[in-house]
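Sharing a structure, written as structure tokens. Questions coming.
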Amino acid sequence: MQGNSQQQAYDRGTNIFSPDGRLYQVEYAREAIKRGSPSIGIRYENDDDAGVVFVASGRLRSSLQVADSIEKIHKVDDHVGVASAGHVADARQLVDVARRQAQVERLRFGEDAGIEALTKEITGYIQEYTQAGGARPFGAALLVGGIDEDGSPHLFETDPSGTPYEWEAVAIGGNSEKIQGYLEAEYEGDTDADGALELALHALEDASEGGLESEGMSASIVSGDGFRSVSDAELHEMIEGNGLAPDEESDEDDEE
Amino acid sequence: MQGNSQQQAYDRGTNIFSPDGRLYQVEYAREAIKRGSPSIGIRYENDDDAGVVFVASGRLRSSLQVADSIEKIHKVDDHVGVASAGHVADARQLVDVARRQAQVERLRFGEDAGIEALTKEITGYIQEYTQAGGARPFGAALLVGGIDEDGSPHLFETDPSGTPYEWEAVAIGGNSEKIQGYLEAEYEGDTDADGALELALHALEDASEGGLESEGMSASIVSGDGFRSVSDAELHEMIEGNGLAPDEESDEDDEE
Amino acid sequence: MQGNSQQQAYDRGTNIFSPDGRLYQVEYAREAIKRGSPSIGIRYENDDDAGVVFVASGRLRSSLQVADSIEKIHKVDDHVGVASAGHVADARQLVDVARRQAQVERLRFGEDAGIEALTKEITGYIQEYTQAGGARPFGAALLVGGIDEDGSPHLFETDPSGTPYEWEAVAIGGNSEKIQGYLEAEYEGDTDADGALELALHALEDASEGGLESEGMSASIVSGDGFRSVSDAELHEMIEGNGLAPDEESDEDDEE
Amino acid sequence: MQGNSQQQAYDRGTNIFSPDGRLYQVEYAREAIKRGSPSIGIRYENDDDAGVVFVASGRLRSSLQVADSIEKIHKVDDHVGVASAGHVADARQLVDVARRQAQVERLRFGEDAGIEALTKEITGYIQEYTQAGGARPFGAALLVGGIDEDGSPHLFETDPSGTPYEWEAVAIGGNSEKIQGYLEAEYEGDTDADGALELALHALEDASEGGLESEGMSASIVSGDGFRSVSDAELHEMIEGNGLAPDEESDEDDEE
Amino acid sequence: MQGNSQQQAYDRGTNIFSPDGRLYQVEYAREAIKRGSPSIGIRYENDDDAGVVFVASGRLRSSLQVADSIEKIHKVDDHVGVASAGHVADARQLVDVARRQAQVERLRFGEDAGIEALTKEITGYIQEYTQAGGARPFGAALLVGGIDEDGSPHLFETDPSGTPYEWEAVAIGGNSEKIQGYLEAEYEGDTDADGALELALHALEDASEGGLESEGMSASIVSGDGFRSVSDAELHEMIEGNGLAPDEESDEDDEE
Amino acid sequence: MQGNSQQQAYDRGTNIFSPDGRLYQVEYAREAIKRGSPSIGIRYENDDDAGVVFVASGRLRSSLQVADSIEKIHKVDDHVGVASAGHVADARQLVDVARRQAQVERLRFGEDAGIEALTKEITGYIQEYTQAGGARPFGAALLVGGIDEDGSPHLFETDPSGTPYEWEAVAIGGNSEKIQGYLEAEYEGDTDADGALELALHALEDASEGGLESEGMSASIVSGDGFRSVSDAELHEMIEGNGLAPDEESDEDDEE
Amino acid sequence: MQGNSQQQAYDRGTNIFSPDGRLYQVEYAREAIKRGSPSIGIRYENDDDAGVVFVASGRLRSSLQVADSIEKIHKVDDHVGVASAGHVADARQLVDVARRQAQVERLRFGEDAGIEALTKEITGYIQEYTQAGGARPFGAALLVGGIDEDGSPHLFETDPSGTPYEWEAVAIGGNSEKIQGYLEAEYEGDTDADGALELALHALEDASEGGLESEGMSASIVSGDGFRSVSDAELHEMIEGNGLAPDEESDEDDEE
């Protein structure tokens, strides 16, 4: 996506429209998200339980990097989690906004922030960076998921324009179009957390070349029991158990 | 609408006039509105009832997107609703302005905000973004409709220049010119909410290619009874009942 | 009025002079005013009564637009009215300035604001937008008219440079030069409100092609009795009675 | 005075010097003054009386314009007047500065502001607009004249650079060089207010083509008796009496 | 890495994205880090002790420069140290941020700042310089290492985008890729401080041409005993003892 | 001194260095000073008296200009005077700074401001305009002279970079190099005020073409007796008495 | 050092990196320092005494300039001095920062500021001018030298990037590379103040063409006895006594 000279006349200021009504800097911020690795959020609901699962993959820069530090899933509140894609440092700022807002809502109203209300606080914050001059848009998308006071699970996406979207299952980041296609074909909401996690892993594997590595990958569940990170061991086992690991490495991994 | 080099000399700053007195950034913001899907507002008044109906259509990005989240009609106050077209995130900021202002007016004057007064607070806010430097205009139009204290219904449009227009029936957003033509030909104010809704749906269908899908579409009514969202089922039934659904899908939809 | 390259070097900053001492952005703002429809103000004074009348014409965008909403004449205070031409949203901001200032003066001095003093508050406000950087000039002209405490009527014009002019009769906006020529030829101050209104309508008709439509037109009178809007019926009757309506439509209109 | 490309490199910022140490925007502001009509100030002093007279000419845009509104001479305080040339709206802002400052000085020191001190407050204000960025210089010159506490008359000029000059007699604005030449040849300070006024009118007539019109012209006297505006009738009579009116119109004017 | 003209269109503003979603100024800041000399951090943990060691090399500008002043390792708190690479003055500002934040956390929570929490305060600060306009990004990377309240050692890197990375062993600055390769091949976490220091020195030597000079080099250890700087003598001895000094100078150095 | 295109790349921002470390805007401000008329300061000291004399020449724009108003020598405090060259309005701002600072120092320390300390307050103020963006440097130089508490006379120059220089005798402004050459050849410090004044006049005459005119010229003395302006008559007499007046006019001048 | 067009794309903003990670404005500020005359600092320490000496040379603009006013060595506190090179006015601002900071530290901690701590306050201040927009870097380097509370002498350099360097002996400003070479060859720390001064003078003479002139040169010593300026006579004598004066002038100078 290289700009021509017509486009270049309008694409360097966050606060101008192009003649056809586009905001190029917001569109370029969306490109920044596609450069990162993907994250997936899936809502599930059955008779016993309801919740949202997040799975995020990351890339280790070296074998000496601590995999946990590729932190792309964040607990925002007891009942809310966030997964991100795109510019990591930008995403972290938005997570801080989400955390502050969740606290503010609890203090002000004496109850947990609703997932939708919380999302809209974040998207309102993002929008301001697309209209006022002097700063660039956020180069990150968030998935905001959790349980409302009435027990219903919700999953929202925030995009760099500041628009909120609600999803049953969604992928953001690199390869997200291919992963979303898999989700659209296979998603059934009436499952449990494990089913949702497995769907996410299958979708990731489908879009990857040669299988999943648990290193650099993380997963979390927000359910009626609150926010819970899936342990590396659990995640590893689930990948192995579903035959999603790369062929050549599966033997070694088993012996760990 | 690609700018030539003469035009380009003046179209990148919100706070400059072109030699012929035009504000190009405001005109480009209008283009942003045309890029979105349309929204319609219709005022009705009969012996028993009076009100405003809103119908908005949206586009689902995926079958997994929750249709409700394409939220383009908003309750602003018990007696006021807003429908939007254009840049969704921009519209949301204006809706927040409208809500805050409605609260302020009730606190200050002890009564509901008048529809016209509320609209003009919003358009004053929009105008400032077209004159002061450092920010772009809002790329969204709103329809503000509701019932005044005296029971009379009013429907206003706000445009990116910050000009308010009052309407009996109006369409904004993509295809709005064709839809407006249908409304001009068919509108009669002496009807009820259902009649107004049906007119809106017929107008939308007339401008669409191949019939209406209730998915991604929403509708609301502001009447003496307050703000009420039309349920998806009601909307679906009305589309089917009026023969407005696409031919090939109508059978399946009936069975839902 | 297309700028050449010499001119372009100086015309995009509100706060720079051209080598020959011109402020191009102010001149372009005057062009914005000429793009709108005209407004007329006329001062009258006879032995019994004195006042100022305003007539403004507007363009309906659709037959469904509520004509009243093309609001170009505004009550500023019991004894002061304002008519505008040019960028509607800009004019509204200036009307708000006028209203606030009228309140301030009454609170501070315990009496009505003088028409001249009020005008100069507005023009001082306008001037600042032509000198300080970071904002464009106002693309609107106002006619400020009313009755001073001593009963004398006054009519002022504000222009985008922030200069006040006092008039006996004046036209602003599109076609204003032709209308002004008619006024110069026919104006007599010693008349009453109806005489002044009729003069305004004749002047408008003279500059129009094919007669006046009362739709989109509005008129007001500020006299010793205060600010009064002329009803659509009155206005319609006056147009018909003076034979100013378009030939082909006059019959139909009579039957309304 | 059209700039070449060398000059253009330096003339669009108020806060930069050209390589030869010039401030082009200040020079262009001087051009703005020359575009307006001229104003004259003359100091007189005899055994009985001393003072300053101002004469200003203006251009009526239409026969319906109220001549008084071409207000180019302003009372600043009981003992101080100001005449202006150039950009009218700019001049008005400076007159407001002068008035505020005159009040401040009286409150602070319990006595009238000295003419020189008052002038320097104004020129200090003007200078800041030539050095700080973000605003253009003032496109107006003022003549500040009046009587000091000790009874002596003083007449100062402020220019767009913020430099004060004291004069016995001076012309600013359009044609000022020719008028100044007449004053240099004919000025005698030992006269009275009428003598000074007549000198100013003769100087104006000498530089005009075909005689003076009292319309659009105004005059004031600041003497030991305070600030006094010369009535239109007086001024008209003086022009007629001195044979300064245009030949063809003098008869008609007499009958008014 | 010389920019082409396409790239140049986007690389001079910190707050704009390129069409492919990159932030060039952040990438250039990473180049600034590679221009400096390298720093190394290594985490170790055995049954008796755990900690982080830092080794930094610097370049003396003259034999008269006091080697201690090439200060690239800083004590931030009793239990936290920081090593830097890149623009020295930028790094110092970040160290000040770290120190202030460590104090704030101790005052607010009554306990030592966690290494991860402290790092994220720093990266949040860094991120703001990549999004808001008016300042460039920080041209420095930090290694933040120390002991948490629970006794576990942690080592983080901050990069110019504001992203935190956790490491077992890492090199930043000039030649860091080659050094990192050595660390990846030889690192074993189950060692003691001396073992970690020796690994760092071997890695540095491997990437150097012709051996290590202790001049300009510094090292520190953060362990359960707190922050301790390794003396020049110790460091010298370790270099000699490991046969890492340049051949021709080792004899002379022994005699010191 | 016309800039080439290499130079132009760096000379329009006050806050950037050129590649060879120059500040062009400061250099251009020095050119502004050379465009004005010269001012001279001379320090003298003998057994009975010590002080500083100032002589400044100016240009009358017209025979009607009051010569006193070309005010280039200012009393700053009882024991301090300032002479200026360059942009008059800029110099006046600096004189105001000097006066305020002299008052502040007397209030704070209970004694007169030292000449050096006062000068450095002014130069510190000047320097800020060369480093911070948003304003141009001052286009004026000052000579600050007076008597310290210990009775010793001091004479300083401030230049547009904000550097203070102390002098025994110095010329600034137009022709200052030629005048300085005369001073260097003829200066002897062991003289009295009249001797110093005469030296200044001779130096001015030497650099002029055809002799000195007392009109537009002014002189002052700061000695143990405080600040004293030399009267026009004294100055005229001294010019005549030293044979420095133009040949053709000396006779007429004698008769005044 | 003339920039090519590639370089020019990045060198005019203080707050941008070039593609290879350089800060051009900081590099140009270093050029500004080389344009000035040199300053030298030397640390000495023997059994009886320890301290730092400064020698600075300057250029007289005229024989009438008071040599003392080329003030390049400043007392900052009883135990701290500063010598500067480069842009004099910039250096003075930094000296003011140093003085204020020394006072603050004494007030806050009840003891003298440490030389290193004081230097780092200054370099932190300098760094901010290289990162935030809106101002240029400081075009001056300082040598900060003095005695710590424990009696040890320290000598630091600050450069325009805001990096502190500690030295035993160092030269800054014009010709500093050649002077530094001399110091490297001849420096021995175990000397006294006179020995250090003589070394500095020899180094200056070695880099000069044709010998040293005491005029415009200054020297100071900071030792356990505090800050002391070396008198012109002492300095002159030392130059003569070491045979460092120019050949042709040494005789005359002896007779003074």
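Here the chain labels run A, B, C, D, E, F and G in written order, and each chain numbers its own residues starting at 1.
By our rule, a residue touches a chain if its C-beta (ideal position, glycine included) is under 8 Å from a C-beta of that chain, and two chains touch if they have at least 3 such contacts.
Owing to the predicted nature of the structure, the values given are computational and were not obtained by experimental measurement.
Novice: When chain F touches chain G, do the two copies use mostly the same residue numbers, with over half shared, or different ones?
Specialist: different
Novice: Starting from the mean Cα coordinates of chain A and chain G, work out the distance between those two points in Å.
Specialist: 56
Novice: Between chain B and chain G, what is the separation of their C-alpha centroids in Å?
Specialist: 70
Novice: What whole-Å value do you get for the distance between chain C and chain D if each is reduced to the mean of its CA atoms?
Specialist: 31
Novice: If you look at chain F, which of its residues touch at least two other chains?
Specialist: Correct list: 13-14, 133-134.
Novice: Chain contact topology under the given definition, line, ring, star, complete or other?
Specialist: Contact map by chain: ring.
Novice: Going by the defined touches, start at chain D, step to chain F, and keep going round the ring. Which chains appear, in sequence?
Specialist: D, F, G, E, A, B, C
Novice: Which chain C residues qualify as touching chain B in the complex?
Specialist: 1-3, 7-8, 11-14, 24-25, 28-35, 61-66, 68-70, 87-90, 92-93, 96, 129, 133-139
Novice: Quick check on the complex: what are the chain C residues that touch chain D?
Specialist: The touching residues are 6, 9-10, 13-23, 120, 123-124, 126-128, 130-134, 156, 161-170, 180, 183-184, 187.
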